[in-house]
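Order of writing sets the chain letters: A, B, C and D. Residues in each chain are counted from 1.
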C-alpha cells in the first residue's frame, strides 16, 4: 500500500518545466526593406523534462543563446530549439521572444516616421517543431481634415489588433502589418458609406479573419481586436479551425 | 462548390469571444482575521458566443458587475457568471479578477507591517462551473543577524512563488499564503543543515508540491517558482495530474 | 591643506534623503457622495537628514503609517509628516501617495459605471508644510451617434489631462475632475461650431488654465495635456506664476 | 482695471512647454569594446516657447530626429537640441532618451552573459547647453559557494544604484558601471571583515559618493541606492554640492 501511495505522490510532484525568463537581449530580425534590422528582445527559454530529472544547468540556456549572436530567423530558431532539447536532455524545448519591430511609414513623399509594432515568436520542439508569430498593430481613426500650418493632433488611440499566425511557408512581418492596416482602412471606408463613425470590434475581427483566411501561406490564425475606452477595453476574438 | 467554400469560410471566421478587459473596480474579499477586506481589482469579463451571433451589448457586462457592488466570494462569482451567460445568451461565461490581498504580519509582539499578495480568481461557467484561485507569494531570504538600533536592510528579493489551485471545499487565502511561507522556511532550514546557502527553484517547487498534495480540499494545483537574478529569472514549474 | 580637502569631501558626500518607496497600502479617502471611499495606495515616505547623520530606523516609517490605519485627509497627512520629522529627528519630512479614485458616472438615469482617476498627494514639512494634489483625467471624444441595440464602441482614448494643485482651502477631488471634464466639453463644443473635429493640446491647456485661474481656493496650479498618437504622445504644459 | 486683470490672466495661462513623449526609436550608442552598439530608446523632445506663441509644428520634432538616423553621442545630442531650438523658434529645447545598454560579462574565461543596464541622457539648450547621464546598476549579493554540476541559483536582487552625472570631459558608460560594481564589491568585502552579511543603503551611498568625488571628469553627481524588500524598498540619496 505504502509503495503505491509513494508512487502516486512522486508522480504528482514531478517538475515539468525549468528555464529562464525575461532575459533582455539585442537581436537582429529579417526586414523586407533593409534586409536586417536591429532591435532588443525579451527572451524566455525553457524545457520539459523527463520524469527522472536530476537538475538542470541553468547557465546552458544562456550559453546556447550566445552562440547565435542574436540572429533571429526561422532557421536559427529551430537550431536553438534543437540545441536546448539535446544539451539539456529534454523531452521538449521552448523559445519565446518579444520585441519591437520598426517600419518606416513615408508621408506623401515629404518625410515620415518610424512606426513600432510589438512582435512575439513562440517556438517549440518536441517530436516535431512548431512556430507561432504574433504581431500587435495599433489602430487609430484617420483625420478627415488638416489645418495647413501645423500637425493637427490625432483623434487618439482607437485600439489594437493582435494577430497570431502559423505559416506553411515564409511570410514577411511587414506584409502581416500592412494586411491588418488595410483591413482597418476597408472597414472605415465601408462605415463612411453607411455614414457611421464607429467601428465595432466584432466587424473588424471578421474583416481581418476574412483576409487571413485567403492567404495560402497561413496554416492557422487567431485574432483579438481591442477597442480602448476610458474605463476598460472591449474586445472580440476568434480562431481559425 | 462555391457554397461549400463559403460555408467553410464563414465557419472559419466566426467570432468566438467578446467582452471587456482591464476594468478597474473596488471590491471586498473574505478575510479570515477581519471578515472582509477592501481592495481594488482589475476585472475581465467575456462570453463565448453561439455560432449565429448578432452583436453584444457590451454595457451589460458592467451592469451585471454593478449589481454585486464589488462583493467577491464564491457565491457571488457564480451568480455573476450565471447572469452573464443568461443575459448575453452565451454558451459560456468567464470572469477574471486580479487584486492585491493584504495580510498583517506581526513582528514579535512589537508592531508589524501589512504584507501584499497578488491574487487572481478565474471563474467560468459552461455546462458546469469552474473556479481557479492563484496566489503570488514573494520570497526573501531571512536575515541571520541584526544590528541593534536600526533596521539592517534586507538581503533583497530572492524570488516568488505562484500557486494556482482548484478546491473541492472552501479554503482561506491566508492559509494558502502561510502554507507557501512555511514551505520556504522548511526548505531554508534543510539547507542550513547541509550548510548550503542557496535554494534551488526545483527543490522548492517539489516541497510546495508535496505540501499541497496532502491537502484534501485541493483538487488540482500548479506551481511556478521564480528565482530573480540580475539578468533574468530562473524558474521551475509543475502541475498535479 | 589636507584638512580642507577632507572637509570638502565629507561635505560633498553627506546622505541627504532616506526612506521607503513603493509600499502598497489600503487607504480611505474623503468622497463627496459617500463620505469616505476605500482604495489602495502606493506610498513613499522619506526625510531630509541633518548633516551629522548616524543611521535611520527604517522600520519607523512603517510604524508611523500603521498608526493612522490608512485614513488619508489633510489633517492626517500633516500629522504623519509631523511624526516623521520628530521621531526620525529630521530637517524635513515627505509623504507621497498615489491611488485610484473612483467616481460613479450615471448614464441618463439608467445605470452607469465607475470611472477611475489616478490621484497623487505629495506633502512635505520643513519649517512650514506644503501639500500638492495631482489628478489625472482620461479624455475621450464623444460619440455623435448611437446604434439602438448595442454599445457602439468608443472612438478610443484621445489623451489625458494631468492637473497639479495647491489650495488655500479644502476642495473636493470630484470637483476638480468635473471642472476638467467641463473644460474638455466646452472645447469640443467650440470646435463643433468651427466645424473642426480635432482638439489641440495647446488650446485645451489654455482652456483648463483659464478655468483653474478663476477658482479662489487654488493658490497654484500646473497643467499637462497629452494627446495619444500611434507612435508617441504630443503634449503641452503650463504652470501658474 | 479690466486691462490689468486680463494681462495678469493671460500671463498666468501661457503655454510653457510643447513636445512629443514616449516615442520608440532604434539608436546606436558609443561602446568601448565594440565602438558602437545597437539598442532601442524611448525619446521625449520638447521646447520652451516664447510668450507670444502661435502654435507648434509637432511633426518637426520627429523630422529632426529622423535626420540623425538614431546616432546618439554628445555631438549629435547638441545638434538635435540646436535644430529644435532654431526650427521651432524656441527659448529652450530639451531631449531625453532612455535605453538599455548591454555589456558582456565574461565568466572566468568560459562563456559569460550580456548584462543589461538602463541608461538615460537628458540634454537641454537655452543660452548654454547641459547634459546629464544616468545609469542604473542592479545589485546582487554574490554566492559564496557553488555546487559543481549546475548553476546554483542566485541570492536574488538586493537592489539597485541609480547614478546621475554631469561631465567636464568624455567618459565611457562602461567605466561608470564598473566603478559602481567596484564600490559594491568593496563594501561587501568590508562587511565580510566585520562578519556582517547585510549592506546598508546609507553606507553604500557614501562609498559610491566617495569614488565619484575623486573623478576629475565628474562635475556633478547624484546617487540613489535602493534595497528591495518584500513590502517596499528602502533608499538613501545624496547629491554633490
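Here is the rule we use: a residue touches a chain if its C-beta (ideal position, glycine included) is under 8 Å from a C-beta of that chain, and two chains touch if they have at least 3 such contacts.
Just so we're clear, the structure is a prediction, and the values are computed from it rather than from any experiment.
*Asks:* How many steps does it take, at the fewest, to get from subunit A to subunit C if each step moves to a chain that touches the one before?
*Replies:* When the steps are counted carefully, the minimum from subunit A to subunit C is 1.
*Asks:* Report the chain whose mean Cα position is at the greatest distance from that of subunit B.
*Replies:* Between subunit B and every other chain, the largest centroid distance is to D.
*Asks:* Between A-B and A-D, which chain pair shares more contacting C-beta pairs?
*Replies:* Ranking A-B and A-D by C-beta contacts puts A-B first.
*Asks:* Express in whole angstrom the distance between the two chain centres, defined as the mean CA positions of subunit A and subunit B.
*Replies:* 25
*Asks:* Return the distance between the CA-based centres of subunit A and subunit D, expressed in whole Å.
*Replies:* Centres of subunit A and subunit D (C-alpha means) sit 30 Å apart.
*Asks:* Which subunit D residues reach two or more other chains?
*Replies:* Touching at least two other chains: 24, 55-56, 58, 62, 113-114, 116, 151, 153, 200-201, 231, 234.
*Asks:* Using the touch definition from the top, list the residues of subunit A that touch subunit D in their complex.
*Replies:* So the residues of subunit A in touch with subunit D come to 24-26, 37-40, 55-59, 62-63, 66, 100, 102, 111-114, 116, 149-151, 153.
*Asks:* In the complex of these two chains, what residues of subunit C are touching subunit A?
*Replies:* So the residues of subunit C in touch with subunit A come to 113-116, 138-141, 143-145, 147, 151-159, 196-201, 227-231, 234.
*Asks:* For the complex, give me every residue of subunit D touching subunit C.
*Replies:* Against subunit C, subunit D makes touches at 9, 11-24, 43, 46, 53, 55-56, 58, 62, 200-202, 205-206, 209-210, 213, 226, 231-241.
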